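Naming follows writing order (A, B and C), and every chain is counted from residue 1.
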Amino acid sequence: MRTNNRWWLPAALVAVALGAGPARADGEQFMPVPSYRTGPYAAGGTSLYGGFIDYMNLVNMRDGGINGVKLTWEECETEYKPDRGIECYERLKAKGPTGAAMFHFYSTGIAYAVLAKATADKIPLVTIAHGRTDAADGRFFPYVFPLITHYWSLNTDIVRYIGQREGGMAKLKGKKIVHLHHGSAYGKEPNVVFQKQAEKYGFEAKIIEVPAPGSEQQAQWLEIRQFKPDWVIVTGWGVMNPAMLKNAARVGFPMDHIIGNFWTGSEEDVEPVGAAAKGYISALINPPGKEFKVIQEVERVVYGAGKGNMADKNRVGSIYYNRGVLTGIVSVEAIKVAQGKFGKKPLTGEQIRWGLENLNLDAARIAAIGATNFVQPLKVTCADHEGGGAAKFQQWDGTKWKVISDWVQADKELVRPLIEESAMKYAKENNIPQRDCAKEKS
Amino acid sequence: MIYREAGQFRISYAADQRIFPISQDRVGMMLILAAAFIAVPLFASEYVLSALLIPMLVLALAALGLNILTGYAGQFSLGTAAFMSVGAFAAYNLQLRLPWLPLLVTFALAGLISAGVGLVFGLPSLRIKGFYLAVATLAAQFFVDWLFTKVGWFSNYSSSGVITAQRMVIGGVAFETPVRRYLLVLAIVSLLALLAKNLARSRTGRSWMAVRDMDVAAEVIGIPILTTKLLAFAVSSFYCGVAGALWAFAYLGTVEPQAFDLQRSLQILFMVIIGGLGTVMGAFLGAAFITLFPLVLNWLFHAVVRGDVRAGLLSQLELVCFGALIILFLIAEPHGFARLWQIGKEKLRLWPFPH
Amino acid sequence: MAFFVEVLVGGLLAGVMYSLVALGFVLIFKASGVFNFAQGAMVLAAATTYAGLVDRGWSGWAAFLAALGVMILFALATERFVLRPLVNQPQISLFMATIGLTFVLEGLSQAVWGSVVRGLDLGIPDTPLEVKGVLISKFDLVASATAGGLVVILALFFQKTRVGRALRAVADDHQAALSVGIPLERIWAVVWAAAGAVALVTGLLWGSRLGVQFALTQIALKALPVIILGGFTSIAGAIVGGLMVGASEKVAEVYLGPIIGGGIENWFPYLLALLFLLVRPDGLFGEKRIERV
């Protein structure tokens, strides 16, 4: 016997899987939670998805759901790997009375792999702060939403912040800035925009790669010491982050001239280094802390009733936890917008896509949620699936993060043409028609 | 009683040399193929096809390749994923730059390019043996990883280095739906498995096994070690290259070097060892076990332990269970599933008699 | 010139850290012929136990002893439940079993202690020392001293004590050792416990560099080129190999890297080891295999 000897096994699995599984009440909106709680990124993943689940619980418990429609969810472990991600996607996409609402994978590799499938299945793929940057051009990526801020906008935010600190963008001329990045697709993303800004503002750019996973950076930091840059921008992830800080301390590079991106500045990254990292700056799309009304509500309602998802309550209010709450806020608001058009009932992925595309979080709405200063104003349109583009900056004082700036806006003039160029190249390669946004106004 | 040879006479050498000389075996094989080609696409859900069967088949193909190298020729290799990576990128670039090439020719060429690379990295095997060779093949793993991340030409200068595989079109028929992709993968894998089985039974296969058992003695009786070992590397890398191309085109839809990292090489090595070294069926059994078992565990845990158990804890416990089961299985049957199957068949020959 | 010395010294010191990890591999391979893939997971488990206990308020020494105890228990359990049933099986099955062990250890340590990243403060300051314009890390110096100390202890153990001699006998020939009356099981338990202790020290040093997190398991990969260069069965080889790998890696990254494109650190040591293997197929100091037909 040569080929698939256990052909009955998948069939048996399907049969039992259909039979087992909790009974789903009609009238509930299903949200898949493709988390990663094992492996090298488990610390971040646990907090991220913990915050997400806690916010959904808050909405259910305090408000009775979204206009009466309760949220239900199911977790699936992706281990941050594309093949497990696809398996989770296929498993969860049709659950619930109307199918999955949207997917948040928080993994660039998985997002790339699922992109075409989600578009074919008509389920929105929301890639906050990760994924395919050129999907910000919604004309070619109707079902992909790199909401809030993507890597290219973020890079311009960081350079603009550096300009602020130097006393104006004109002062950047002649300065030396290094981009130290993780040796992966994720790490390479900002290089294009970085080079373009170097041309525009006249600073000397140097790009240094740290081979994955990044626990060894001695050679790179010795190189940086030789180059004597004024600033170092870091696009790191996982174990590269504490290693980066340790090596920087070792060569004596001033911490307050290192700026990490929003995946390079969490408590998990800095705590192992402790006081030696004092002064280190990182970018963020959501601030840490519990002083925001929405986080306090989560603590009061959800943890008060003992239904909190985080085993370690000290993690409530950390960067990744708050990012999970931010995810929840954006998802719930998008569903609300969609319900406004399609009715207060469980919606399909296609309808929620409309909600995402017409998401307009203004200051008034943000205040009503209790998220002032927590989330930036967002306006998503057919052509712009990012909707925001700004970032704040925080500094490590030895024991915790302190926000040290207001929202810094992205350089949309520089970024948008690059996005459109990249998106059109993808569309040509794959024969994707261009949507006519003007016609679709509805 | 059912599985007997009595009454079956083989009256030609050709009949004697068949892969399945016993007619019950042939009938069984036909049934399995019919089930795989006809019944499964008809009855299996999209989830089963896209998320379970396709990856299992593609990895079985890679496991076949590694089995040829490690099981038949005895050269321990940890660079399988690197060769898959070469195949995937080669197929992408061929489709990109020579779009008029038919898809199957593209896959075959990608396999050949991968075979070439395998040949180069197999050269040390002439001097180095055992675990030293395994760690040396890791050089291939890391080098290929670096090459594809660093040199933009391979990924068509995309900003992130991740490329989207093109659609598969053969003779005007698009292979996009899960059923079509499954059938394409099944056809390619079945064909290559047949090829592997015949290779193993041929003179080449026998010289590989001779080299595996005692290469000095093999050289003494006149088997050319150089060409034998290098051929093993080349054929094995061909299989891995085609598997890599299929993984990118028929399963993931994207190609990035991170999909083919050391973890992947180790996973395929597990499949080969758990399935049974030196058997074609072992590759399939091992692939089925390694891809499906974690999901079975996952589903089992979820069904048994409902409610408020921390999701992270469940995942960790699944990992522990998986590891423990591997150890238990190795203790019970160190030669893998294929050996169990063989024992089963032997017992079936005698059934219902005990001996 | 000063820069070159700086890179070289940094590389040598980094190399000593690698040899620490390699020591664990060598110990086990020397005595039981098993390529212990679980060494990385042992480092993680040991470091996590230590850091978790310190988090709970235990003193450094108490936590150290407790973690040591856990590793010894693990060694005993492994010997009883994994090695004994798999005696005489081909090397590849044993390798596979250690991979199963890896999963078990990783899952257990993350399940018991959680996946939180913990810092490890060993009280060694990481401020750089400047000697004649060359930057040297204090931490690396302490680490090298520790590794050196460990090697001396292990070398003395193997040469001077009875158990050490028994270990060498077992490494030479299992059958002969058995026939002379050396208890194989106890020897294996001792060796795995020793490897566990080495893993604990490694975990402490690396954990204070990177934080105690899952990525510690990947340190094991750094040690592989070291052991193929130095030989699977030689402790001295682990040190020499480590120094060579560390130095060549850093120097190549800084000087060759910009020409080829940077990021070559990952595969350069393997290439180097490969080239050495072509000349000495059993590693620089490894046991020469004699094949008889």
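Going forward, contacts are C-beta pairs under 8 Å (C-beta built on N, C-alpha and C of every residue); 3 or more make two chains touch, one makes a residue touch a chain.
Just so it is clear, the structure is predicted and the values come from calculations on it, not from any experiment.
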* Asked: Chain contact graph: line, ring, star, complete or other?
  -> complete
* Structure fact -> In terms of mean CA position, the chain most removed from chain C is A
* Would you kindly tell me how far, in whole Å, the mean C-alpha position of chain B lies from that of chain A? => 35
* Measuring from the mean C-alpha position of chain B to the mean C-alpha position of chain C, what distance in angstrom results? -> 32
* To do: Specify, in ascending order, the residues of chain B that touch 2 or more different other chains.
  => 146, 149, 312, 316, 318-319
* Asked: Residue numbers in chain A touching 2 or more other chains?
  -> 37-38, 42, 46, 183, 211-212, 311
* To do: Name the residues of chain C that each touch 2 or more other chains.
  => 107, 110, 114-115, 262-264, 266
* Asked: Can you list the chain A residues touching chain C in their complex?
  -> 37-40, 42-43, 46, 183, 208-213, 215-216, 218-220, 222-223, 225-226, 238-239, 242-243, 246, 249-252, 268-269, 271-274, 276, 311-312, 315
* State the interface residues of chain C toward chain A in the complex, per the touch definition above. => 3, 6-7, 10-11, 14, 107, 110, 114-121, 126-128, 135, 137, 139, 208-215, 218-219, 222, 249-250, 253-254, 257, 262-266
* Structure fact -> Interface with chain B, chain A side, in the complex: residues 1-7, 9-11, 13-14, 16-17, 20-22, 35, 37-38, 42, 46, 75, 77, 79, 82-83, 86-87, 89-91, 108-109, 112-113, 115-117, 120, 132-134, 183-186, 188-189, 191-192, 211-212, 311, 422, 426, 429-430
* Would you tell me which residues of chain B are touching chain A in their complex? => 25, 28-29, 32-33, 35-36, 39-40, 43-48, 50-53, 55-57, 146, 149, 159-162, 164, 166-167, 176, 186, 189-190, 193-194, 197, 251-254, 256, 258-259, 280-281, 284-285, 288, 292, 295-296, 298-299, 303, 306, 310-312, 315-316, 318-319, 341
* Name, in rising order, each residue of chain C that touches chain B in their complex. => 35, 81-82, 85-86, 89-93, 96-97, 99-108, 110-111, 114-115, 221, 224-225, 227-228, 232, 261-264, 266-267, 270-271, 273-274, 277-278, 281-283, 289, 291, 293
